Amino acid sequence: MTAYNTIAFDPSRCELCNDCDACITACAQVKSGSDDPLYSRIKIVAGFNGNPPELALCRQCGDPECVKSCPSTALTKNPDTGLIDWEKSLCVDCLLCTVGCSYGGITYNATLKHVAKCDLCDGDPACVKACPSGALSYITSAGIFNEQHEREDLFVPGLSACQGCNSEMIMRHSLRKVGPDTVLATPPGCIPGMGSVGFNGTTGTKVPVFHPLLTNTASMLAGLKKQYNRMGRNVTAMALAGDGGAGDVGFQSLSGAAERNDQILFICVDNEGYMNTGMQASGSTSYGSWTTTTPVGSEMKGKRTSQKNLAMIMMNHNCEYVATASTAFVEDYYEKLDKALAASERGFAYLHIYSPCPTGWRFPSSQTIEVCRKGVETNFAPLWEYERGGDLHFTHPIDNPLPVEAYLNLSGKYRHVNAEQLACIQQQVNERVRTLKRYAGQ
Amino acid sequence: MATPALKLKHPGCAQSIVCDGNEAAAWAVALARPDVVAVYPITPQSSLVEYVSQFIADGKIEAELMNVEGEHSVLSALHGAALAGGRTYTATCGPGLAFMFEPYWRTPGMRLPIVASLVTRDGITPQCVWGGQQDAMTMKETGWIQIYCETVQEVLDTTVMAYRIAEHHDVMLPVNICHDGNYLSYGVTQVEVPEQSAVDDYLGEKNINWHVALDPLRPMAVDPLTGGAGGPGPAKFVAYRKGLCQGMQNALGVIEQAHADWAEIFGRDYAPLVEEYRLDDADYALVTIGSMTGAAKDAVDSARERGQKVGLIKIKTFRPFPVAAMTRALKKVRAVGVVDRSVHYGWDCGPLYQEVLSCLYRAGQPIAAGSFIGGLAGADLTEGHFARAIERTAQLLAGDEFDSPVWLNEHD
Amino acid sequence: MNTTHYLVAGASHAGLEAVHRIRLVDETSPITLVTRDAHAPYSPTILPYVVSGQSAPERVVLRPADYFLQHNVTLISDNELVSIDETGKQVTLKSGDRWQYAKLLLATGADPIIPPIPGLSETPYHVLRTMQHAIDLRDHAGKVKRAVVLGAGLIGMHGAENLRHAGLDVTIVEMCDQVLPGYFDARAAAVIEHAFNANGIRMLMGSRVVRVEPLGDGCRITLENGDSLEADLLLVATGVKPQLDYLKGTSVQVDQGILVDRRMRTDAPHIWAAGDVAQAADFYGEEKVMMGILPDAVTQGAVAAMDMTEDHALKPYIGGVPINTYTFFGQQAISVGQSLADASLEELTRVDEDHGRYLKILLKENRLQGISSINQEMDAGIMWQLILRKVDLTPVKDAFIARPLETGRALMSSTWR
């Protein structure tokens, strides 16, 4: 399988309701030299009954029905670009392609007397450039997936993670990128728990993998890396640790390794608690969260204190590289992973991946990425990076954040949150962003 | 003022120096050529890691020095280094050892041949900064080899030997070389430093991670989650645990051979497991451990001059416990007084005493035995203390019995 | 004896889709594809355009030769099934070769119906079902002036228009009173008929041919009313039906076509059928129906292949929905689902005579049953999905009736994420 670049549409940002038709006009202009929306291959339609606007546009489907319904071979799926190409000289105007499309992506233009469809403007779509609100974006992360696809998945198939697990995606993608010349340490938690360290003489990982103590991942890797340096061998010392193993009981060794600037790629997969052992609270559990040790009852309404911001703490260690990341913004993550990997050749690199847990947070397994996305878009989980000696830098600044409810409402662990707690969480989010902005020199 | 050269008494030695036990251990570390040394200071070990650090700073030891933020990380870093194939060293004691405990009791099961000096210190309950063997004795059931030294020279020699023992393919276990805090750590004497090339020959090629490694060239999962109630788990875990026990038993012979070879090359002959002192014609004996033995031997000599037929049994290797050697020694006498520098809370006696009782039972030799406890928290154990212990042991021979231990420093 | 795992008979849309789907989940088991055609795979739908010269035969190949090589498919052309031994799981081909199969898909399509008109068998005439038919017709049309087309079904109408485009004088003779009966209602048919007339095609509706006879290089056609026509070229396009002689002696049950269940299984073990040869579930009723339209052939081929490969993602065939997208002389007639109202349906019709536009919506309990249009922008695929998914239009009914295009797009787009 190959992944392709595509146009994404975020209806919540669309200004159609304010009579914006910039994308439609831009398309009509580029394709037909006309402002008449009839010539546009992208159509934005009003949502029914007050819902956000909707999009009629070729989705460049993977196994396209329009191509299969074409008797003349005028439509073909380009295996290199993923584009569904339409060849005018072959088309017989039978309109069978329009039967194949469920999204109005290929339509008959009565003036031009033939069908028309989006061709992505050779990879530089005019509609995206014209969109003033960011509702349309051209997603080029496909290249990353294709590149990764060529690399070996260094975990075995069939690890027993929960359905919808963000951690499994993170670990598989990360290790593919980091590559086989790696020693991986995964302290107790979901990542070894799903079988990556193996059972009874078997292994779940194709690189050497160690199941260190919950407490000593960073120092153990530090010693290992010292020995490989001594031997003149370039081996990446990589940790995939949960927030408890990184920031609670393992924090001393983490802090020590960061202070010594040991050459380690340390990835913290933060699911805000001890999810592997039954959803107990950790220092990373956010205020108000239900967990099995911060339950909801008549006297307690979830966690009573705020979480520690481990990424900022690590930044204050003046590490070679520190960044936050989210799987909803995978291009951003891959760029950071590249930088972190390079930084780990020089010293300590720390990545903090915000990782919602469908099982422990109580949301449907299909919603993991949406929770990730809303975490970022509400500024609950801002995306930033820091390089030694520089300023903090927002990599995906959210200028008009959604209210934090848009994020909280997705997870059952916040279901009980009352107005007072909600205000408190919003205030914490605001304060955190304010602090980060100070570090960013804003 | 020029220091006059000290005369070398033994072959295979490069120079003779005057130093304390901590410096002697540092010289041993230099001779063993470790790859990675991780340090965190704690009294009375601190000067040892200072010496090691200075040796590294001076190029006398060519190793990676890791100044880590606590003993927990000290041993964790050595785990990583050993799994990558490095020869490693550290030293600790007392509260540091307690803080190290989590990685410490994981080490033997991973079969990592790490060598660590324990500059023994009494327990911190309620509080203590002085010498004593309570720290080491608390760790006796963790699977580490424990070897106790009597003299500063023995500290140097045994610390080098420890690598030969730990890295032996039939052993592959971590070794603690225990030397008494205050008495050996700070006691200064003349010490002969072996020739580096002779030590290199003695230790041979190092091969630390032939059996278990974190190495991309031969990827494996190290310590996967083994065990559980079903499938292959229980049998596999038994294989791990039984193998560790077997390694401990194998160590007895390896320790003897290491000492024999050492004696041949360097001319210093130590009893590897159990030393018998004036025992052959003795009616009764003291049993000692560590640096106290010197004063105890003096007391035995004095008693002999008075006509008392007393001898001495010193244990050097405490873990694994040298059951055969100890039984052989005990069979020569009809009463023993066992002097411990620590306590066994559960039995109200010293831990060595309790092990001696086990030996006697196993040998079918129910001779009279008494427990003496002294030298806690840095207290001195003098010839006078041992003279009293000899007297009380003689009374055991005469039919006296005492169930409670004799606390030798109780009335100092 | 040759052996294969999958034997697919027929290399048009159903057969090709089946091969594609098999290879999605089974990369290794041998596939053998048998086609009676000597040409590389093509769509029967394209043939009228070959006649007119708009489409060149070599440019309408549905799968390039290396596709079969790359996907480890053995392609046997110019050959066909003559018998099946369902017990022995073997077929015999016209060439005499025998093939052992594990799973057999029959996607052999349909053949023209030749009406029992006196004199026809002695008279030269054309049919239009294969590439060779199209090439012969094209070559013949290039040399003559007058064409008569028997039948105003899709092949006849497409054929007639393309012969007209090729420069011939064309007459259509149709027994029914309207063109494209069963596809469009009378009003839409009238618009289409008008356009044909306006473009110089003579439309003889409600006319029965009683005799055909050779006349020089052409023929004479005599009608029931006594009129007679002379033609240089005669195209018989009075419908299609599957040719099923190769099923003799098997337990495959046949009505108009091969009867299949919702997984495209025939009554015989290890034998499936899909496409124009198959008679499968109707979306609207209990009776199995012959669909004969391209998108349905694709769907059926996919369902059959997924069942053959035990693909867990298989969703049983939901039933055929009539769909026609018909372009004629620059105009468009689109019909999705039912085209004729009955007492159980709510009918909403909008006519714009000035622009020749027409729209008819048929609803049943606020769910779309059918929609037909002339010269209206229409997303046939969206309407098809609204029917198949039985989308309840109650919350958007007014909007849907007023703006079916936009409302349909909004409804389907909202299912995307």
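Letters are used for the chains, namely A, B and C, taken in the order the chains are written, and counting of residues starts over at 1 for each.
One rule holds for everything that comes next: a residue touches a chain if its C-beta (ideal position, glycine included) is under 8 Å from a C-beta of that chain, and two chains touch if they have at least 3 such contacts.
Since we're looking at a predicted model, the values are computed, not measured.
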| task | Based on the touch definition given at the start, go ahead and assign the chain network to line, ring, star, complete or other. | result | line
| message | Relative to chain C, which chain's C-alpha centre is the most remote? | response | B
| query | If you average the Cα atoms of each chain, whose average lands nearest the overall Cα average? | reply | A
| note | Chain centres from averaged Cα atoms put chain A and chain B apart, in whole Å, by 54
| query | Approximately how many whole Å separate the CA-defined centres of chain B and chain C? | reply | 92
| field | Distance between chain centroids, defined by C-alpha means - chain A, chain C (Å) | value | 46
| remark: Flagged in chain A as touching 2+ other chains are none
| In chain C, which residues are in touch with two or more of the other chains? | none
| remark: chain C residues touching chain A in their complex are 13, 17, 42-46, 49, 54-55, 59-62, 294-295, 298, 323, 325-327, 330, 332, 334, 336, 375, 377-382, 384-385, 395-396, 399, 405-414, 416
| field | Complex contact set, residues of chain A against chain C | value | 43, 45-49, 51, 53-56, 59, 65-66, 68-69, 71-73, 90, 92-96, 98-104, 107-108, 110, 113
| said: Using the touch definition from the top, list the residues of chain A that touch chain B in their complex. | reply: 180-183, 192, 197-213, 215-216, 218-231, 235, 237, 252-253, 255-257, 259-260
| said: Under the stated contact criterion, what part of chain B meets chain A in this complex? | reply: 35-36, 38, 64, 66-70, 72-74, 76-86, 88, 102-103, 106, 213-216, 218-228, 231-233, 236
